[in-house]
Amino acid sequence: MDASTCARGAADLAGRVLGALRDGSAADLADFLDSCVDATAGLAAVRLVGADVFLPHLVLDRPLGTRDADVVVASFEILPSVTAPATAEQRVMAWHDWSTARLLAGLTGAVPVATPEDPAAVLGPVEQWARWSVAVAQLSSSAHPGATGPVVDAVAAQPLALCRGVVRSVLRRDFATASRLTRWICLLHATGVGLPLDPVLLLAHVESRAGAEPRRLLDLAAARHLVRST
Amino acid sequence: MTVHTSARPVLAPADLAALSTLVAEPESAVADPPLPEPNAAGVLLLGLLLSPSTPKEPRK
Amino acid sequence: MNTVVHTAHNVTARALGWLHANRDLGAFDDDATADLNDPDGVYKPLCELALASSLVLREGVAGTAELRAARELLEFSWRQLRRGDLLYERQLRHVLLTDPLETYAHHARGGLRHEALEQLLAQDSATDSMTEVVPNRRLAVANAHRVVGLPRDDDPQDMLRQTWLGRTPQPWALDWYTAYHMTHAVFHVTDWGALPGELPPDVAEYLRNWLPAWFEVWAEAGQWDLIGELLIVGACLPEPWCEPARWELFAGLQHADGLVPRDTEPVDDEPLRRFHDHQHTAVVAAIAGTLTTSRLLGGST
C-alpha cells in the first residue's frame, strides 16, 4: 500500500463527507471506492477517515445503506485491527478503529465491539498535558455528536488540560492539531462540561486559519455541528 | 460494487504500520509562535522599565 | 529543603553574582546629565539593577554574601545616579516623565532617600503631572507612588481592569509584546509579589490556568527572558505557581558564571556586549528566584 495514495484518497473521501454534510445527503462510500484506481488504497482511506465517514448519519440522522456498511466492513477485512497494541501509534489506531467499529455496529445493529484497553495507555499522564493533548488530537474522530466511551470520559474529565493543549497549538500556529483539539473542546461544550475558554470564539479563530485540507475541515465541520446543537 | 465484494487481499503488517502512522498524525514539529520582529526598535525598550524617550530641547 | 526553593535560591545567587562582578560594565561613561542621550543604554539597566537588588533586600531570603552583593549593587546604582541628584534634575527639567519616580522607588524601597526629589514628586503628583501612558505603565507609576509613600487616590484594581490582563481575554489572544505587558501588570499591581491579594480572584485563576500553556509555547521558542518573567508572575500569585520541571529548565540555562541567556542566539564573547545583551535576563532571574524562594518559605501570605 502506498501511504501517499492512501492519504490522497482520505482527503478525497473527507471532501465527499463534507459535501454530504453541506447538502444533507449521504457520503456515498461505494461510489468513492468505485472511483479509486487502487481499491486497496481506497479501503485504507476509508479506514483512515474512520468514524468520520458516519458524520452525515450522526448529524443528519440518515440511515446507513447496506452498500456503505459493506465498504466499512471491507476496510476492516483487508487490514485486521491490532489486538495487542504495543506502540503509541498502534494504540491510537486501536482506539480509532474502535470508534469506527462501534458506530458501524450502532448503525447496523451488529454486535458491539470490545474496547481496547485503559485509555490512560494511549493518552499518557495528564500532568504532561502538552503530550497528552497531542494524543487526544490524534483521536479526533472519536469526538462526534453523541460520542461516549472510555476515551471520551477520560478527555471530558480533564477540560483544563485540553484547553491548555489547544491554546498551545493555536499559539504555535499548528492549526491542524488546533482543529482536532477544537473539535474535542466543542464536544465537551455540547455535553455541558464547563470550560475556561469560549469554544465558539475558539472555533471561529481556528476556522479562519485552518486552511483547506479536507480532513481538517471535517474536524471543524464536526465542531461546528457540536456547538450548533447546544 | 461486485468488484469490491470479491475476495480482497489482506494487507501485510507493514501496511497496517503505515496506516497507523497516517492515523496517528503527529503535531507540527516546527512551532511558529508570536515572536519579536528581529529589527523592531522596541525590543530593547521593553523590560522592567518602559520609559518614553527623553524630550529633546531645541537647539538655540 | 524543597527542591524548587533550592533551585530558585541558587539561580538568584548566581545571577546576582554575575551582575555584581560585571557592574562596572553598566556604569555611565562620564557624568550623565538630566538629558540622557540614550536612556536605554545605561539608565534603564541601572534602574533594573536597583529593582532586583531592592527586592533581594526586601525579601531577605538570600544568603549573607548575596545580601551584601545586593546592598552594594543598590549603592552602586545610587552613586551612578549621583545619589538621586540626576533623578531630581531630570524630574525638574522634564516634569511629565515618570521614570525618575519609578527609578527612585527602587532606591527608596532599599532605604536610599532624596528629600528634595520627594518634595518635587509630591508636587508633581498633586498636579497630576505625568505623561499619558498605556494602562500597565499607569499601574507602574501608581505602584511607584505607593512604594515611595506619596498618597494618591489611585485605585489599582480599577487600573488593572484597564490593562490587557484585566479583561482576561481569550488566552490565545496574546503575542510576545503583549505577554510582557501582561507580566508587568502583575508585577505592578502586586508590588512584585508583596501583595498577591491585589490580584482579583478571577485574574488569579486566569493566570493559573494559562501560565503553563504560555510558558510551554515560549520555552519551546527559546524565549528565556520571557519565561523568566512568567516565573516571576507565578511567584506573584496568591497560590504561587512554581513547578519543579519549569524551574529545572530555567536553572539549566544559566551559565557557570551566572549569566542567563536571553534567548537561543549565541552569546557574544565581548564583555560589554555580553553584559548589555543579557543583563535584563539576569535581573529577571534574580527576581524570579528571590520571589519564588520567599513565597515558598511563607512570605507575603
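Every chain is named by a letter (A, B and C) in the order it is written, and numbering of its residues begins at 1.
The criterion applied here is as follows: a residue touches a chain if its C-beta (ideal position, glycine included) is under 8 Å from a C-beta of that chain, and two chains touch if they have at least 3 such contacts.
These are the chains along with the protein names UniProt gives them: B = PEP-CTERM protein-sorting domain-containing protein.
These numbers come from a predicted model, not from an experiment.
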Quick one: name the chains whose C-beta contact count is the highest of any pair.
A-B
Specify the chain most distant from subunit B by Cα centroid.
C
Average the C-alpha coordinates of each chain, average all protein C-alpha coordinates together, and give the chain whose average is closest to the overall one.
B
Rounded to a whole Å, what is the gap between the Cα centroids of subunit B and subunit C?
31
How far is the middle of subunit A from the middle of subunit C, if each middle is the mean of its Cα atoms, in Å?
47
Would you kindly tell me how far, in whole Å, the mean C-alpha position of subunit B lies from that of subunit A?
22
Subunit A touches at least 2 other chains through residues 171-172
Among the residues of subunit C, which ones contact at least 2 other chains?
174, 217, 220
Flagged in subunit B as touching 2+ other chains are 31, 33-34
Give the list of subunit C residues in touch with subunit B in this complex.
35-36, 39-40, 44, 47-48, 51, 90, 94, 97-99, 102-103, 131, 133, 137, 140, 174-177, 180, 184, 187, 217-218, 220-221, 223, 280, 283-284
Residues of subunit A touching subunit C in the complex
129-130, 160, 163-165, 167-168, 170-172, 196-198, 201-202, 205
In the complex of these two chains, what residues of subunit A are touching subunit B?
1, 3, 6-7, 10, 30, 33-34, 39-40, 43-44, 47-48, 50, 67, 70-71, 74, 77-80, 82, 87-90, 92-93, 96, 134, 137-138, 169, 171-174, 176-177
Subunit A touches which residues of subunit C in the complex?
170-172, 174, 205-206, 209-210, 212-214, 216-217, 220
Hey, which residues of subunit B end up touching subunit C in the complex?
31, 33-36, 42, 44-57
